[in-house]
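In this document, chain identifiers A, B and C correspond to the written order of the chains, with residue numbering beginning at 1 in each.
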Amino acid sequence: MVDSKHQWKAWIYLSPAIVLLLVFTVWPIINTVRMSFLENYSGLEAVGGATFEFGIGNFQKVIEYKRFINCLKNTILLCVLTVPVSTILALLIAVALNSIKGLQKVLQTIFFLPYVTNSIAIGMVFAAMFNIVGSFYGTQNEIVVTAGIINNVLEFLGFERVNWINAGSSYEANIIVMTVYIVWNALPFKILVLLGGLQSINKQYYDAAKVDGTPRRRVFTKITVPLLSPMLAYVVITGFIGGFKEYSSIVGIFGENMGPVDDVGRLNTMVGFIYDALETNKQGRASAAALILFGIILVVTMINMQVSKKRVHY
Amino acid sequence: MKKRIISLLLALAMMLSLAACTGGETPVETTGSNVSGETTPVESGVKTNFTVPEGGYDGSAVTITFYNTMGASLQAVLTTYIEEFNKLYPNITVVTEQIGNYDDVRSQISTEIPEGNQPNLAYCYPDHVALYNLAKAVTQLDSLIESDIEITRADGTTEILGLTDEQKADFIEGYYNEGKQFGDGLMYTLPMSKSTEVLYYNKTFFDANNLTVPTTWDEMEALCKQIKTIDPAAIPLGYDSEANWFITMCEQYGSPYTSASGDHYLFHNDTNVEFVKKFRTWYQNGYMTTQNIHGGYTSGLFTAEGNDIKSYMSIGSSAGATHQLPGVGDNGQRPFEVGIATIPQVDASNPKVISQGPSLCIFQKSNPQEVIASWLFAKYLTTTVEFQAEFSMASGYVPVLKSVSENPLYQDFINSADGGNFIAALSAKVCLEQENAYYTSPAFNGSSKARDEVGALMTKCLTETDESKIEGYFEDAIDECEY
Amino acid sequence: MAEKNITIMHAKDMGKETSRQKIVKLAVKFFVYAFLILMALIVLFPFYWMIISSLKTLDEYRLSVPTFWPQKVMFSNYAEAFTTGNLGRLFLNTMYVGVVSTLLSLVITVLCAFAFARLEFKGKDTLFAALLATMMIPGELFTITNYSTVTQLGWMNTFTVLIVPFLVSVFYIYLLRQNFLQIPNELYLAAKVDGTSDLKYLWKVMVPLALPTLISITILKMMGAWNSYIWPRLVANDEAHSLITNGLRNAFTDTTGDVNYPVQMAAVAIVSAPLFLVFLFLRKYIMAGVSRSGIKG
């Protein structure tokens, strides 16, 4: 058993973080809970002298929203699509970066560049890549000023061009674009983390494998992945937590419309819903939605933890 | 881990019920004590939330902050006139802070209000004011406007604290009335600088083909048809803003859009469904497109050159005139000359055009002298002809005072108007000529939601191939607004 | 443990490779490079776009058909960005906030992650789960309450308010804890037997071994200071404390309030340049790895 001296020590180590968290994280959460149970709470109206009754009306209102299921579906779908794809890609890139000799410095440097790239620039690139400028897609009157870089490439390769994000685009096309964008956005961070993790693996394991003449694939699955598993677990779990809070990437592609212009809100997510409510100072409703989202993320994270407990080698 | 999380959840639930209980007992935050919600009667019988102290401005030293969105060039104009203002009121220090864009200003102020940290003065749009009004944080200006207290300025001259009849009459009516759009008939804002929508047309093309500039939507329809026969590949008309189009059509038809009191969302009615259906056939015939549907600036279509697909008319902001100007070609000349006109109307004898652009609102503060000082400054900016003239020329916005057109500097500017390098002046000239046509929409918390929804509705209906679905889309939009 | 999977065997005759093996090796090499270069191009594209946008005229930027190289190269955008932005002062402010908050944050994170990874105490798992749970609430909701807190603490318009509220990041604590867990526990137990104090062990063994991750955290934290926008504008909008992003976002609007993106991009490129150099420098340490840190596991 743990002796009390150690207990005491551990809390000393933790104290700076805990004090700050209590003030700047836990207290706001308590306040969020409070607001969620005050019917139609609005901070500004409270200042103006309004009073609010205790109740669960905010939660009802959120669930009754006819696009609530839609928001939930988008949130979950994007999460399930993007987290595995970005994790696997990042793992492959990190391992490849770690294994090469020539060009290593140049390539590593390039993979750092996204950190100094402004987010507005990233949004602009996507506009240029997927956006079709023109009208009447798919009709006799079709007019296309420019079809976007991706469509140019597709047509060059002999494929039909796709209406990705404009009026008349399909939900599937929208989701593909979002998946590409989110994966793209998430890659640099994941590569950085996994690269850091790879460097912490004791080189002796690899030396031993080399001596054995163990094939590459076996080294990857039997040494790299197991020893990297704490970092992989981290990347997956935080990826899911972040994925459930997806919002700004959709604004990046579709703007405040949160969907193609002829179907506004089609791609709205839970956090998008929260933003909408905050826009008109409906903080009670926003808080209720945040707690519902919290519940969902909590369940998913518990499942993730259970799975990783079996798979992660510490 | 699972058990831990469950116990954690339980703890959270307890915490939550605890917090909710305390919340139930004392739901009102009293931190923003200087935001008074009380209304006090004034002599003139108008009930406002601000009482002018005896003697008006007492000359005490106050610092007022002014949130705006002005870029560097406009900030320079503002600074010059703050210096001028300080010659009259040396004890009033004006601190200007540029806060990103209009949305940034709104979200920042609405966070600051509960703590009483809001600025004294801010750039605002009507729906922002409606939001701040939830906290009763915006000063109702009526008692200030009506005040006849005489104030002696540092240079020895005097002025009336309120607005004189001449000053009131000098404001372009539509702009001034925007301050009263909040459902209670009281004045909350002063217009600062304004813009509207105008019709840009390819004058060279119009002259060459003997086309007349349309004044009504019926003429527009005929013209589009005619242009289609001349250049079948063209989209004759580009409209920047779907929302503006919808709202302006409501105004021109006199059919309901929204109301500041009672039932807010009134835009689902037969007239509106009819005009949307009509414009849908325009779109389907290839007569027009909008910025969102087009997927790029419609001005880009208008200024397109050579064999590119182009439009010959573009309806967009009067402040963006320079964007509607085609670039200078290799031969040193612009490919065509731009003409500017009032947008088409339902009834050309009773024109209606939208009024956009920022106004000024003044916030409640515990020190009434700060409010008075803010008022004096706001009044200075909005009623000083020289400032309005210079600011308009620098910004491309339209002045809010009629007499600015008599200002010699501004006259020179307007006289230089042409469809080339001086297109901004041409745009301003057209705006001034239609001064009686400006309207503003009711403002309430959620009015910007209505605006977003009708814009989306318009876009969705234009591109819908099945006309019978349109009624349903109106229904959906109303539902979304009312949620 | 993964060690079980590796059975130490005698060194084979590694010197001779058949030509078939050589071809496979070459093919693998080619594939790895092709993959990396392709991904690098994809990752590089936004950066390239930022640079060319910063060299365009506003009119060209607004064209419907985007150009891949500026028709007229506008180096003047950079001059304009430099003169309009008052970047110097803001830059120093940001540096100060970035460096101080990164250092403090590293100390807090290291201590906390160590406690979670190596020390035993009651309620460890619960506390860690609670910490993770705080990540699951969208941060936007915290702004209002935190704003109220710092106002009441009287921290408005100070550097404190820019640094303290965001010192603790569960995100980084979790990351570092995972990295600490990668380090074999045997090392810790051996150190205990030797009588090494926890703090000394942490400093002498754990920190050097986790250096790549600590540097990753440094980069992310610095970038955070560089990119934060809403909070600084809210709590410190006087000139003495303004941060670079506030200057960047506000300075470059044209007369109608539209953003002049080319000039803004130029400004972004200017202020990012020093940061990029720092990264280049730090990259060495990330890639240095365990083998060179002098500690054998």
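Observations
Just so it is clear, a contact is a pair of C-beta atoms (placed from the backbone, for glycine too) under 8 Å apart; a residue touches a chain by one contact, two chains touch by 3 or more.
These numbers come from a predicted model, not from an experiment.
By number of C-beta pairs in contact, the leading pair of chains is A-C.
Comparing each chain's Cα centroid with the centroid of every protein Cα atom identifies chain A as the most central.
The mean-CA centres of chain A and chain B are about 36 angstrom from one another, to the nearest whole unit. Computed centre separation for the pair chain A/chain C is 16 angstrom, with centres defined by C-alpha atoms. Chain geometry summary: the mean Cα position of chain B and that of chain C are 40 Å apart. In chain B, 1, 5, 12, 31, 114, 296, 300-301, 304 are the positions where the chain touches two or more neighbouring chains simultaneously.
In chain A, the residues that touch at least two other chains are 31, 43, 133, 145, 298. Shared interface positions of chain C, i.e. residues touching 2 or more other chains, are given as 64, 133, 144. Those residues of chain A that touch chain C in the shared complex are 2, 6-7, 9-11, 13-14, 16-17, 20-21, 23-29, 31-32, 43, 89, 92-93, 96-97, 99-100, 103-105, 107-122, 124-125, 128, 133, 145-146, 184, 187-189, 192-193, 195-197, 199-205, 208-209, 211-214, 216, 222-223, 226-227, 230-231, 233-234, 237-238, 241, 244-245, 271, 274-275, 278, 283, 286-287, 290-291, 293-294, 297-298, 301, 313-314.
Note for the complex: chain C touches chain B at residues 59, 62-64, 84, 125-126, 129-130, 133, 143-144, 147-148, 151-152, 156, 230, 233-234, 237, 249-260. Contact residues of chain C toward chain A in the complex are 1-3, 5-9, 11-12, 14, 28, 32-33, 35-37, 39-40, 42-47, 49-50, 53, 64-66, 107-109, 111-112, 114-115, 119-122, 124, 127, 131-138, 140-142, 144-146, 149, 164-168, 170-171, 173-175, 178-179, 181-185, 198, 209-210, 212-213, 215-216, 219-220, 223, 227, 261, 264-265, 268, 272-273, 275-276, 279-280, 283, 286-291, 296-297.
The touching residues of chain B, when paired with chain C in their complex, are 1, 4-5, 7-8, 12, 31, 69-74, 97-102, 104, 107-108, 111-112, 114-115, 117, 195, 296-297, 299-301, 304, 317, 319-320, 323, 327, 394-397.
Those residues of chain B whose C-beta lies close enough to touch chain A in the complex are 1-2, 5, 9, 12, 15-16, 19-24, 27-29, 31-32, 35, 37, 110, 113-114, 131-137, 233, 235, 283, 286, 289, 292-296, 300-301, 304, 308-309, 445-446, 448-449, 452, 456, 459-460, 463-464, 479-480, 483.
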